[in-house]
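Two complexes follow with chain A in common, the first pairing it with chain B and the second with chain C.
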Partner chain A sequence: MAAYLLRRIAGALLLVFLLVTVVFVLMHAVPGEPTALLKNQNPEQRERLIQLWGLDRPLYEQYGRWLRSALLRLDWGTSFTFHRPVLRVLADAFPATLALSTAAILIHLALALGGALWSVRRAGQGADRLVQASALVLNSLPVFWLGLVAILTFSGWLPWLPAGHMRSPDAASVRGWPAVADFLRHLVLPATVLGLSGFGGTVRLLRASLLEALSQDYIRTARAKGASEARVLLVHALRNSLTPLVQVLGYTLPGLLNGSLLIETLFSWPGVGQALFIGIQSFDYPLVLGGTVLSGVLVVAGTLGADLAQLALNPRLRPALA
Partner chain B sequence: MKQAAWKRPIAALSGGVLGFAWLLLAACGGGSAPAAPTPVPAPAAENPVAGGRVVVGVTADIGSINPYSTLSTTVTQEIASVLFRQLLRENPDYTDHPPTFGPDLAESWEISPDGLTVTFHLQKDALWSDGTPIDAEDIRYTWQAQTNPEVAWDSSQFKRFIRDVEVVDKATVKFHLSRRTANPLLQINEGQILPRHLWSQLPFARWHSNDDWFVEHLATSGPYTVESWARQQELVLAPNPHFRSPHPPYLDKVVIRVVPEVSSLVAEFLADNLDVVFGITPSDVKRIEAQPSLGVVSWLSRSFAFVAWNTRRELFHSPAARRALTLAIDRESLVEAIYGRYGKLSNSLIISDVWAYDRSLKPWPYDPAKAREILAAEGFRDIDGDGILDRGGKPFRFELATNSGNPQRQDALILIQQQLRKVGVDAQLRFVAFNPLMEQADRGEFDALLARWTMPTDLDLSFALATESIGRAQNIFGYSSPQMDRLLEKTRNAATLEEFHQGLLEVQQLVHQDLPLTLLYEAHDLGAYHRRVHGLQPNALRRFWQIEDWWRSP
Partner chain C sequence: MAGGKRALAAGATLVGLFFALGALAPWLAPHPPNEQHDPLAAGDRPPATRMTCLELADGRRLCGDRCEPLALGGFRLERQGEWREVAADDLAAGPSGQPHRLRFPLGTDRYARDLYSRLLYGARVSMTLSLVSVLLALSLGVGVGSIAGTARPWLDHALMRLVDALLAVPSLVLILALSALFRPGNGLLVLVLGGTGWMEVSRLVRAEIKDVAARDFILAAEAAGLPSWRIVVGHLLPNSLAPVLAMGPILVGNIILAESALSFLGMGIQPPQASWGTIINDGRDSLPQAWWVSLLPGVAIALAVIGWNLLGEGLKQRLDPRQRSQSSE
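Now for the complex of A and B:
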């Protein structure tokens, strides 16, 4: 088990390293330069800044220097656009992203579970088909478009919810429950839209595995023993359908993080996604690299966590490790 | 983007654009019925009331509150102008003559007869928001920051002719210039004065990596100071207790909210979460004007859109061919279709409401027949009967590019393509991401492209037209004319405003004849406000013009 864990962690680290390398190379290969930095400067100033940021050195050297300082000194460089250490930019933005992603995952799970259970109870009926069809439609809609429609509907047409930001204007002085309520009101729209991304896939998978579980012998036994239909579904069938769900979640996490780049921008959510979006637009190499490392680590950790959770849930998988 | 080697700013609009700035996004949207642009809201009949809060929505993030260590974007400059005062106040009266100046931190000034020394007498009772007196040392320190290579301020060329800044006494400061120029006040005045007693503690070399420091050590001289700043979210401004001139600001608080997406910005405005918004598009106007409690303001910006011809290409080498292409484009209906009442036909690199604009220029008409005639004279014939002109066995076919993600420019390109097709010219459209397109333009690797630039505030057009600017500054056209170079040189070295003006007129005439670019339209900038907010006077210099006058009905 320990060997397996070590192997997986080593693999994960290697993956992050490869990701960073590819992003570094791609970033410099894309035509364009850090315009945010060098737009109107005169030649001497450009030279000075290019030296200051080390952009005059060969690529492999820039990469080596970045790796060294990132790993040894935990210095991820200075953002060209924000004129602040990249780590600080990301640390400031991370809580917002964490809150949004967590809420989105919870909403995603709740909706998918609810939808799948509802649909399985009515397998083959109109309601089931409705759930399946809406899953398919939701899956094919770009999350950005969904967000726009949500804004136009719920803060434009029916002005119930704010169209963006984490707090009401100038809410720094508000404390306690009113502040929490204000935050939650702002969270609803972006988290729901983000939670809906990839929702179709999860609901279909969960439905399929629930249906499969329901056709098993132990379900017939449970029913024969007189267990209520709810108990059969929620206790006996659901528990055994969770294994694939955990796996799917592991794969959904990257999608949620990617989606958060667009959703954060659309909803003015001051998270890592928005910072990264600004960084990409202005060719802010250190910021883009830092953001990539952060989301790379999160994605890899998410997948690893999902795999481990699966092991915990399904003892049958364990012997295969030996 | 490469930079011209030599810049000499002379009388113009201020607001710190040197050279032509590329505009990524422009307002997009619908052609509404033509009407006069909405003027600045009429002054309220009621008397201003003190107190209250106004929430302003902007689309661009606030880079820094230090105007010198960050890119001079519109929003950064606006914030700087709210927080810090300048030596003089530049008036937005540039329509008939170069802008005039009024007192700000300096209450009076005089220029020596030889034009080489300018002396400023500072207001004696002006204080920073922390109570420290504003004195001549602050002025000298600011000049040091502006010209320091480690700071690398992107408008430092404005200060090129300032040899030294001498502190005579606490309230008197002398600027020594290395040569006589047409309007030295413009160069000296550019940029806000910084609090030396605080910011000099951080060495210039560390300005680019310690942006938080400036917020933590802040004293302001403008009407407001920073109460709190959540980056990428909002900047909360509170009145500067020591700002008195001409009166303390009326509002208790100004909140500047960053909303990167225009659609979200408008939705938040319509939902009454924002009191004032800037950067909306013509297509939003209808929805906003449908609500009686909301109003729209528009003002002519300093930007213009055009088609750049790469004159290094054989097809666009001769001025006659470029004239034919210009005549073949129905620019009037293009402006109408794209901008409706918020656009205006453009004829010069100098915006039409600026004093130096050549009002004698006759716009090129839409005349496809004449265009065909010229092209025939240039040797273009449709030999193979495919409807496309040919010369030397090659069809008149080229790539017409613009940046992707801007629906309005893409619409314009499609219209131009259709119109050119009518005279037998085949323009193939290409949509390229903004950054790569800029690079291709710099390297001359394009045929023709549609772009939008902001006019340089110093009105020096050599950036785009001088031979020496090819591949170095923004002469993306590859346009080289000895006559033009002479004119530009003469204008740049003008010692008087009359010479400068005359030079600019001649330059505009020559561009109009040579047409390295076909000018399309000038666009209005748009903003909207809730009618409970009064005193807004946005103009091409500042959207937050005299923000101390803003007030809110109770």
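Now for the complex of A and C:
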């Protein structure tokens, strides 16, 4: 078990290293420089900036330098656009993204669980079909479009919720509960839209694993001893269908990060996705590199975490590793 | 999902429809996709708008809701509730100077371009672009997957770790970073979309090849002394490609979504060219007063992607007997 754990962690670290290398090479594969930024400078300033950022060095030297400072001094360079250390920019933006994704995951889970349970209770009937059809439709909708529809409906036609940003302009003076309420009001729309993305996949998987669990012998036993249908479904079947769900949650992380880039940009949510998008638009190598590595690390960690959690939840998987 | 056949039929119909719309766009579209008809009076008009237009001698076009002849020649047009008189001298010569009616079946965007025509041309862009990108992704995936599946263990390992690393970057981040660097034309967009979509395919092909390689008929081929390249090309690959075939349509759907997201962010298809993503972006600023501009392309995207997903779902159940027995639960 310990050996397995070590192997997995070593593998994850290797993966992150590989990822850094791949991203670095891809970003520098194109001849050129942060042209958009440098175009407006006079030649002297250009020269100085190129030297300052080390863009005139050979690629392997830039790579070595970046790797050394990134790993040893936790210095991920200075963002060209924000004129602050990349790690600071990312760290400042991270809480906003964390809040958004956490809320999104909770909404995602609640909806998927509800949908799957409802559809299983009425397998083959209209409700089941409805859930399956909406899973298909939701999986085929562009998430940014869903966001626009949400903005149009709930802050245009029905002026209930704010269309963007994390707090109202006058909220700086507000403290305590009103500030929290203000924040939550801003959170509802982006979190719901983000939570709906990838919903189709989760609900279908959960439905399939619930159906599978329901066909097992222990369900027959539970029914035979007179457990109510709700108890059979919620206690016996659901508990045993949660294992694959953990895995899926780990694997939906890349999709969630994709979505949060779009949603943060659309809703002007001051998170990592928005910072990354600004960086991408302006050839901000250090920021893009840092942001990509950060999201890669999150994905690798998510997958690893999901695998380990699954192991913890399902003892039957363990002997195979010994 | 009940009835792989029905999914297949519905998917094929939807996909066929969008292909037909895209292919026939030049004949179906009532207007050229980028033509601006009098932005002042005809911009952001709702679906089912009809307007009366006059061509002027200086090449401009004036459109109005009503048009009446003036006693002294010329016409007066009601534009945005105000009457504007056009003298006969200002009109273009010949029949085009006479009032004629223009129809905008799905309304206009804020530059007074016909939305229906733009959507048709958008279908053309989305369908071709995604199809070519998927062909690229499939060939890359099959190539890398079959190399990994048949090569020595160290190469197999190296390739699969590379695939893992690429899959760990959220695809949109990767695509955005690349397309920002390339400042895409449409050809490069295909390269970026196809070049970031092959990883899952290669995993699937590799697993499938490993699976098939252990079967008896491959052993028999080896025993018969066939050279290994013939075993790979003639026996292994053909028997490993069925699931890839089913994955193709789903990939097309994903790529349509990725392309639209990219174009929406201004990093894909470049304006003024019409693509579903750019149209949604064009309509963003006038969303409250002209919702149709941003909403209708989304419906088109959804229908097209649903079509491809149904097609993939149907193909999967058709090609994979294990899926067939599962679906009868």
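Going forward, the second predicted complex is superposed on the first by the 316 of 322 C-alpha atoms of A that agree within 3 Å, B and C clash if a C-alpha of one lies under 4 Å from a C-alpha of the other, contacts with A are read in each partner's own complex, and residues count from 1 in each chain.
Basically, a residue touches a chain if its C-beta (ideal position, glycine included) is under 8 Å from a C-beta of that chain, and two chains touch if they have at least 3 such contacts.
The model shown is predicted, which means the values in this text are computed figures rather than measured ones.
K.L.:
Report clash or fit for the pair chain B and chain C bound to chain A in the combined superposed model.
P.N.:
clash
K.L.:
Answer with first, second, both or neither: which of chain B and chain C does A:V149 touch in the superposed model?
P.N.:
A:V149 sits against chain C, while chain B stays out of touch.
K.L.:
Report for A:V300: first if it touches chain B alone, second if chain C alone, otherwise both or neither.
P.N.:
The answer is second: A:V300 touches chain C but not chain B.
K.L.:
Answer with first, second, both or neither: which of chain B and chain C does A:L136 touch in the superposed model?
P.N.:
second
K.L.:
If you stack the two complexes on chain A, which partner ends up touching A:W66: first (chain B), second (chain C), both, or neither?
P.N.:
In the superposition, A:W66 touches no partner, neither chain B nor chain C.
K.L.:
Which partner chains sit in contact with A:L261 here, chain B, chain C, both or neither? Use first/second/both/neither.
P.N.:
Once the two structures are laid over each other on A, A:L261 reaches chain C alone.
K.L.:
Looking at the overlay, what does A:I278 touch: chain B (first), chain C (second), both, or neither?
P.N.:
first
K.L.:
Taking the superposition as given, does A:F24 touch the first partner, chain B, the second, chain C, both, or neither?
P.N.:
Neither chain B nor chain C is touched by A:F24.
K.L.:
Per the contact definition in the header, classify A:L211: touching chain B only (first), chain C only (second), both, or neither.
P.N.:
In the superposed model, A:L211 contacts chain C only, not chain B.
K.L.:
State whether A:L14 touches chain B only (first), chain C only (second), both chains, or neither.
P.N.:
After superposing on A, A:L14 lies in contact with chain C but is clear of chain B.
K.L.:
Can you list the residues of chain A that meet both chain B and chain C?
P.N.:
Shared contact residues on chain A: 30, 32, 148, 151-152, 156, 265, 277, 283.
K.L.:
Hey, which residues of chain A end up touching chain B in the complex?
P.N.:
30-33, 35-46, 48-49, 52, 78, 81-85, 88, 92-93, 148, 151-152, 155-156, 159, 162-170, 172, 265-268, 270, 274-275, 277-278, 283
K.L.:
Spell out the residues on chain B that touch chain A in their complex, using ranges where they run on.
P.N.:
Its residues touching chain A are 1, 3, 5, 7, 17-19, 21, 53, 55, 61, 63-64, 69-72, 149-150, 152-157, 207-212, 228, 230-234, 236, 253, 255, 257-261, 263-264, 267-268, 270-274, 433, 435-436, 438-440.
K.L.:
Quick check: in the complex, which residue numbers of chain C touch chain A?
P.N.:
Those residues of chain C that touch chain A are 1, 161-162, 164-174, 176-178, 180-182, 253, 257, 260-261, 264-265, 267, 277, 280, 284, 287-288, 291, 294-295, 297-298, 301-302, 305-306, 309-310, 329.
K.L.:
Considering only the defined contacts, which chain A positions touch chain C in the complex?
P.N.:
Answer in residue numbers: 14-16, 18-19, 22-23, 26-27, 30, 32, 132, 136-137, 139-146, 148-149, 151-152, 156, 211, 215, 254-255, 257-258, 261-262, 265, 276-277, 280-281, 283, 288, 291-292, 295-296, 299-300, 303.
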